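Comments concern the structure below.
The first chain written gets the first letter, and so on, giving A, B, C, D, E and F; residue counts start at 1 in each chain.
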Amino acid sequence: MPYVNIKVTREGGPDGTGPTPAEKTQLIKGVTDLLQNVLNKSPATTFVVIDEVSLDDWGISGRSARDIRATES
Amino acid sequence: MPYVNIKVTREGGPDGTGPTPAEKTQLIKGVTDLLQNVLNKSPATTFVVIDEVSLDDWGISGRSARDIRATES
Amino acid sequence: MPYVNIKVTREGGPDGTGPTPAEKTQLIKGVTDLLQNVLNKSPATTFVVIDEVSLDDWGISGRSARDIRATES
Amino acid sequence: MPYVNIKVTREGGPDGTGPTPAEKTQLIKGVTDLLQNVLNKSPATTFVVIDEVSLDDWGISGRSARDIRATES
Amino acid sequence: MPYVNIKVTREGGPDGTGPTPAEKTQLIKGVTDLLQNVLNKSPATTFVVIDEVSLDDWGISGRSARDIRATES
Amino acid sequence: MPYVNIKVTREGGPDGTGPTPAEKTQLIKGVTDLLQNVLNKSPATTFVVIDEVSLDDWGISGRSARDIRATES
C-alpha cells in the first residue's frame, strides 16, 4: 500500500502551464507499475499525488526557479 | 506538539468544488480533539494543514481520480 | 481517498518511548472515522501514516523539543 | 543534497495575499546559506519548496487560522 | 527539478524487513527515468526520497497494517 | 505559524552518523530567525521537523547517495 508524492515545477506542457492531464496519467501509471514490478505492490492500494509548484516557490542553488529560467533565456 | 496533514480530493461539498470552510473546521477540530484524547497533546501546539488535490493530480490503481470518476458516472 | 500524515514527538507512552501500537490504532481509527463522518470518505481508501519524531529533530520557538523538555523538568 | 519544505499561511505581503517573490527568494537564499554554513551542504543540490496555505486550510488550537484572524481583528 | 517521495511499508524483501538496497535503487532509477521520458526532466536535478514505514504506523480501512497482516495470515 | 521540514542525508557529523544535536539546534534556530526576519512570523508558532535519510533511501541522478558516495571515495 504505497504512497507516492511527485512534485514538479509548473512549466512545460503544450501551453507552458505545466504537465497535461495525459502526462500526469502517464506518471501515475508508470510509478504504479514500477512499484508492482519491483516490490510486488498492489495497484489497488497504490496512491499517487502530484503537486505542481510555481517557479517562484521552487528554489535550487539559493535562487528561485523563476530567476534561473530568466537567466537561461 | 503534533503536526497533521490531511489531503483530500477537490470534489464534493455543496457546489462540487470541495469541502466547505465549515467542513474543514470540523476536520481541524476533530483531529485536534483526537490527539488530545488519545495522547494528551495540547491543542495550542497542534497544527493541521489541509490540502485539496485536483482529480487530475490524484492517482489510485494506476489511474487518475478524474478518470475513475468519469467511469463511475 | 484521503491521505493523512500525523507527526508526533517520540515521548510519552508507558515507557516514555512514544505512543503504543494500541494508541496508534486509536489515531488511525479516529481520523478515518472523522473523514467518513465529515466528508463521507470511504475507509477502504483512507490511508494514515504516523511518524514519530525524535525530540532532537523537533523544533518550536527556535529550540529543540529536547531542550524545552529539559527546561521544564 | 538537502530538501527543505516551508509552509506559510497565505497572508501578509504588500497586498495581503502572501509573501512576494522577493521575500520568497530571501527564504530560499537564507535556508540554503544556513545548510551550507551549519552542515557544509552544497547549494547546487539544495532544493527548497515553499507552500502557501489558505487561512481556511491551516488549523491551530482546533480552529482555522481564518477564524483566529477574524477574532483578533 | 522534480522531487519524489515514495513511502512503503517495512515488510517483504529477502528477510522480511523491507526492500533491499538493490530494490531501492531500482525504484530510484525507475522513477527518474519515468520523469525524463514523460516530462523531459533532467536526472541530475531529480531527487528521490524513500521512507519505510513500520506496519504499526500505516493505517488503511481504520486498521493498522500490522493488524491487517495478522488477520491475513 | 510556519511549518518547516528539513531533510538531510544521514552522514557527516563527528562520527559520520549525521548531524549532532547541536547542529540540529543551529538549523532550528536559524530557520526560525529567518522566518521572523523575512515574514515577521512568531517563533512561538514556528515548527521545524528534521528528517535524517539513509544514504540508501536518497536518490539523485537515478542513483542512490550510497552508490554516489562509494564512487567518490
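FYI, contacts are C-beta pairs under 8 Å (C-beta built on N, C-alpha and C of every residue); 3 or more make two chains touch, one makes a residue touch a chain.
Bear in mind that the values here come from a model prediction, so they are computed numbers and not experimental data.
Enquirer: If you average the CA coordinates per chain, which chain's centre is most distant from that of chain A?
Expert: The chain farthest from chain A, judged by C-alpha centres, is C.
Enquirer: Using residue numbers, check each pair in A-C, B-C or A-D against B-D and return the one sharing over half of the contact pairs.
Expert: A-D
Enquirer: Is it true that over half of the residue numbers where chain C touches chain E are used by both copies, so same, or is it different?
Expert: different
Enquirer: Which chain has its C-alpha centroid at the greatest distance from the C-alpha centroid of chain F?
Expert: Farthest by centroid: B.
Enquirer: Report the inter-chain centroid distance for chain C and chain D in whole angstrom, where each centroid is the mean of the CA atoms.
Expert: Each chain reduced to its C-alpha mean, chain C and chain D end up 22 Å apart.
Enquirer: Can you check how far apart chain C and chain F are, centre to centre, with Cα atoms defining each centre and the answer in Å?
Expert: 21
Enquirer: Taking the mean of the CA coordinates per chain, how far is chain D from chain F in Å?
Expert: 16
Enquirer: At which residue positions does chain D touch at least two other chains?
Expert: In chain D, residues 1, 3, 7, 27, 45, 47, 49, 58, 60 touch at least two other chains, as defined above.
Enquirer: Under the stated touch criterion, can you name all the chain pairs that qualify?
Expert: Touch list across chains, by label: A-B, A-C, A-D, A-E, B-C, B-D, B-F, C-E, C-F, D-E, D-F, E-F.
Enquirer: Applying the document's contact rule, which stretches of chain B touch chain F when the two form their complex?
Expert: Per the stated touch rule, the residues are 1, 3, 47, 49.
Enquirer: For chain B, which residues are in contact with chain C within the complex?
Expert: 1-9, 12, 19, 23, 26-27, 30-31, 34-35, 37-41, 45, 58, 60, 65
Enquirer: Going by the contact rule at the top, pick out the chain C residues touching chain E in the complex.
Expert: Residue positions touching the partner: 21, 24-25, 27-29, 32-33, 43-52.
Enquirer: Please name which positions on chain E make contact with chain C in the complex.
Expert: Listed in rising order, the residues are 7, 53, 56-64, 66-67.
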